[in-house]
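A single structure is presented below for examination.
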């Protein structure tokens, strides 16, 4: 029996509250258990230098934790004068994952920055960030589509993420902090609505793992992500059906 | 008539929600109109190097805005590699103001760091941070008093802050962003429950101001702060009466 | 009786030596008691990015202390790799104060940077910097007016600054370092030649203060600044009468 | 047919030259095709602050590319003043992977830093670094075992790494730069001598991938790593048999 | 008798291996005794801002040591966040020395960056870098001359460098690390093929030195550099004769 | 005929004003022509980490220019976030030169930091800094000797520095900025009172130079330094005779 009485294949409760920031083109407040993240999407009508003149857009992400998101306080990265390796690794992952479901040509030469700021951390902050960021992204993209009458809705599929790991002998879905710190193997999986993998990152620092264990973890993750995408769909309301439809109203 | 139909001497609605972070020793979510700030207080059983061996505690503050707290996105200070002058100035002000109502000897050799993170900014983020930070501080101090059975409750008075300014010909209380950007004179006032000044910072970059104008602004601020302290009192519940009482239960 | 035998309302001796740098468009060496500052004004025929195309000029300031300006040596900020919060706060104040008496439209699209470098510090370095910076600024503006035959002299009024504080029971003008470190309340005041306030920054970190105490401090400051402006006038010689006259020779 | 005439499941030639640095406790020069890396292992008789007093050792890695390791020159990270996110991500991966085969208790309170400096990059620099770093690590550990007569040889298994990806319709082993830049899916695999996974990092930024594709990639990687470990064994000579034996000569 | 049995006026063996990097326009691997350096030359068809529009080219250098190039490991400058004073001093010296034998007008508005990365250090890394950098530079310049059919070969003379010092009573050529750390006087000399001085940097931190000692050191250096230039000539093969000829094939 | 009517072997006027800072253990204001530098010496009763426990002292220097010390304003290094290569090179030179005439054992485990801040620059700022720094150092050392009754006066000889160069066909002593910018060869020489060399740094970036030219430059420098040391002697008054005497009053 897990902490909080969860079953091995049971996710923590997920809630998504859209449009919680009055300035951002897209925003969402996401809770997965006690992990709480604000995701905002900012649209700019320009692309970074290295993307200029290609007729394509760009999607990137930044990630940060408030100093007291964790058990003990972490020094602010702005006070330390640099971002940690962990922060950089996570925000690279979020941006890469989001881009996998965006048709950058259909988006046009504009960029979207997704900020994921963790208010409280209880395991799974990177996967929660991805799941929330997707919704903020979709909201912002919808604003672009409407404002610029884009013919194609530039998001090609849903995207969500969850962690899975091996604690003791058990393979568990959606580890919280306490489980994560005891896990022998830890894996983050990002998948699309079509059930394809976008990112698979498994680490067995304490214990290498076998192909069978890998497969079992992937199955749990697949099921969890499938459920989470349903909740994203509800949160997106009328926008939900446009994702992956390859056409916007303007394009009809 | 002001934006949102407020009268010249009318504050924006203030709400305080205590204990919103499961790790922090004290925490509060404060809204003043559309300005929204999370304040957390972290207690550590040590003091900075320069305070060691004096038998006194220390209180300090840090301030930051989420990138999309504002109309357009600001670059993260951690990505820029340093905190702006504005950030430093504000967090120095918050820390200094809080220390004015803390009996550092009664606190003992421990330190409290108040983090003020602005989720959404619509004017008055520094004054709102001080008003919220005071509540988070009081909650954390109460935990220390109970845990260590301190004989004296180390907070000597209430503390709140509000802005006031001159827009056109009118002296207005609690400017929002739009009013602030048109103000000729801008003043931030921090006061105690006893109605004494802790900080008075008036700036007439566009227009120097007279003693009469200064006095009128101070009167408005005084009234506003008086009202805000009542709301702090409610938010603190049973702790409210300990502030300034010079004794804790343990001390009875 | 104060240190050095001063009366409560007595300033330290102020001397201003103009044109002490052969390259700068304006320069002054200022001594207020044992506080010694070099102020240089640099003119550039361009404005910062955020000011471009507005037909207006810009005035900004930088402040620094030589490492051994103080009792014990301070590490160089260039060696530490960043400016302290105190430095940033002070230079923001100096720039803001100077801009309050400059007609930026009349100045035209050019910028003036005032560097205030403290050779020796004995209290009041920020107020002394402002008083000196004003003179350096006026000298540089005069060069611009002559070189470009500006029709209006773009400085609208005099500007000087002094500190005042409460030490024990006494309200004292122009605190030196020793007094400042014992002060319960500390206030910096910046005023114009017309006797209007530009900045009022009062801090009661040790002791909150009352309206009456505030008023008494402002009165002392007003008198002190009035006297200092007379000395600025002498130091400026023939330029003195152009300030606030709204016309330059070219404009006659 | 691949560039250079390789078959889909054919690795590039791997050469390992041990002891190429006269100061380092362990060192190796590794070539995988045109990718060339120097790995040095430095032993220090102390552990980082966060590991102190646990009776355990620490293994960490740093990674860098010479400025002209690539087609066009990259700015030096020391000149930019910070390491890139990519660098941090890679060196975290290398360190984590190495630690998975080190018995940190058996190592004792000492630390080993592996520096991987890429002289020339043609794809697979992180996997090549891991494969080379393992050999440098083993050489350094052997020196420690001999010098301090450790009873247990603290390396528990072999470790090597290779990349695999999908280019067009084909699943290819050990991508070079040109193939990598056309790959739809890119995966880095780290495995032990026992054939267990230590890290699996698959990314489908351009194209999500299916479970079948994942499995096919893992099989190719497994075969490649198996072959590479044989070459590591040769390079290690008499040390080879101590790895995973759980006993050192001293321990016999 | 010196370490390794060298005579006082005997250089360490020098080997130069050209074209060791498949991307760089010029590259060389140089060994002087146990000091080993990789020098690569990168050509860019642009000049730095401060050189623009002058019809001249630019040559600059960067220098770095791998962390374990030395007896004990040095922290990476990228991890420290800045280059040391020593690094900056050395790379300024290398760039300045190289520019003394380049006809920047003949080079045209393009820039060449020489990276000198020390793989192993045993004294004389800066002089070895200069000697190697010259060869990498010549190879890169030759590519430019051919590609753009420059009429004049823009290298005006050979350039090499060696150290010399006083250890005990003896004046020694080409100090290795052990000798260098005992030297009372240390001098680095850079000379041209014509036997003229480009840089003379003598330091007597432990012991000031006389004009006679200076002269003796310069004589040893002159002889050593003369020999080294012969080896550069061989390494350059057919390019050798173009240096200083003031004409390229295209120019004939 | 030179600018200002100087002869080729004629120094600019040198003035030294001692004890110009009320806090520093030693201080001097030095003018060489229009080059103006403040040198302060700070004594601390501790040595840097790398010197601990050796029973020896340490002398180091820092160098900086005020932003408007030069024709056009330079950005502050504290604002840029790092010191330039030029600054680092110069302060390393100053520190090294000073240490050459200090008996670090006689000084005991304490350190002296010399700050050289250039108020106005007209060529020769590094040589002027050394000449002034020596006097500030001697004053501070004298305070140490008296306070701690050191038996040996720890300064072994005088030290001064001057520049010399070749402009057109002429070898000139003590170049000002205008001459320096036209010089083909530029040399800085540091010598002791005994006429020995401490540093010889000659650079022929534009033009390599011959042994004869080198000798001519050294002769001019020697004469100039000889004269400057006489002026140092006067500035030091009663301390002058203690330098190099190997005994202090306490030691008599």
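Per-chain numbering from 1; labels A, B, C, D, E and F assigned in written order.
Heads up, the rule we're going with is that contacts are C-beta pairs under 8 Å (C-beta built on N, C-alpha and C of every residue); 3 or more make two chains touch, one makes a residue touch a chain.
If you're wondering where the values come from, they're calculated on a predicted model, not measured in any experiment.
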item	value
Fewest touching-chain hops separating chain B from chain F	2
Most distant chain from chain C, judged by the mean position of its C-alpha atoms	D
Degree value of the rotation bringing chain B onto chain E, based on Cα positions, nearest 5	180
Most distant chain from chain F, judged by the mean position of its C-alpha atoms	A
Chain B and chain C: spacing of chain centres that average the CA atoms, whole Å	29
Mean-CA-position distance for chain C and chain A (Å)	51
Residue numbers of chain F (touch at least two other chains)	81-83
Round-the-ring chain order [start: chain A; next: chain D]	A, D, E, F, C, B
Contact set on chain E toward chain F in their complex	82-86, 88-89, 91-92, 96, 99-100, 157, 187, 191-192, 194, 196-211, 214, 218
Partner chain B, residues of chain A touching it in the complex	21-24, 27, 34, 38, 40, 42, 44, 62, 64, 66-73, 76-83, 87, 113, 115, 117, 119-120
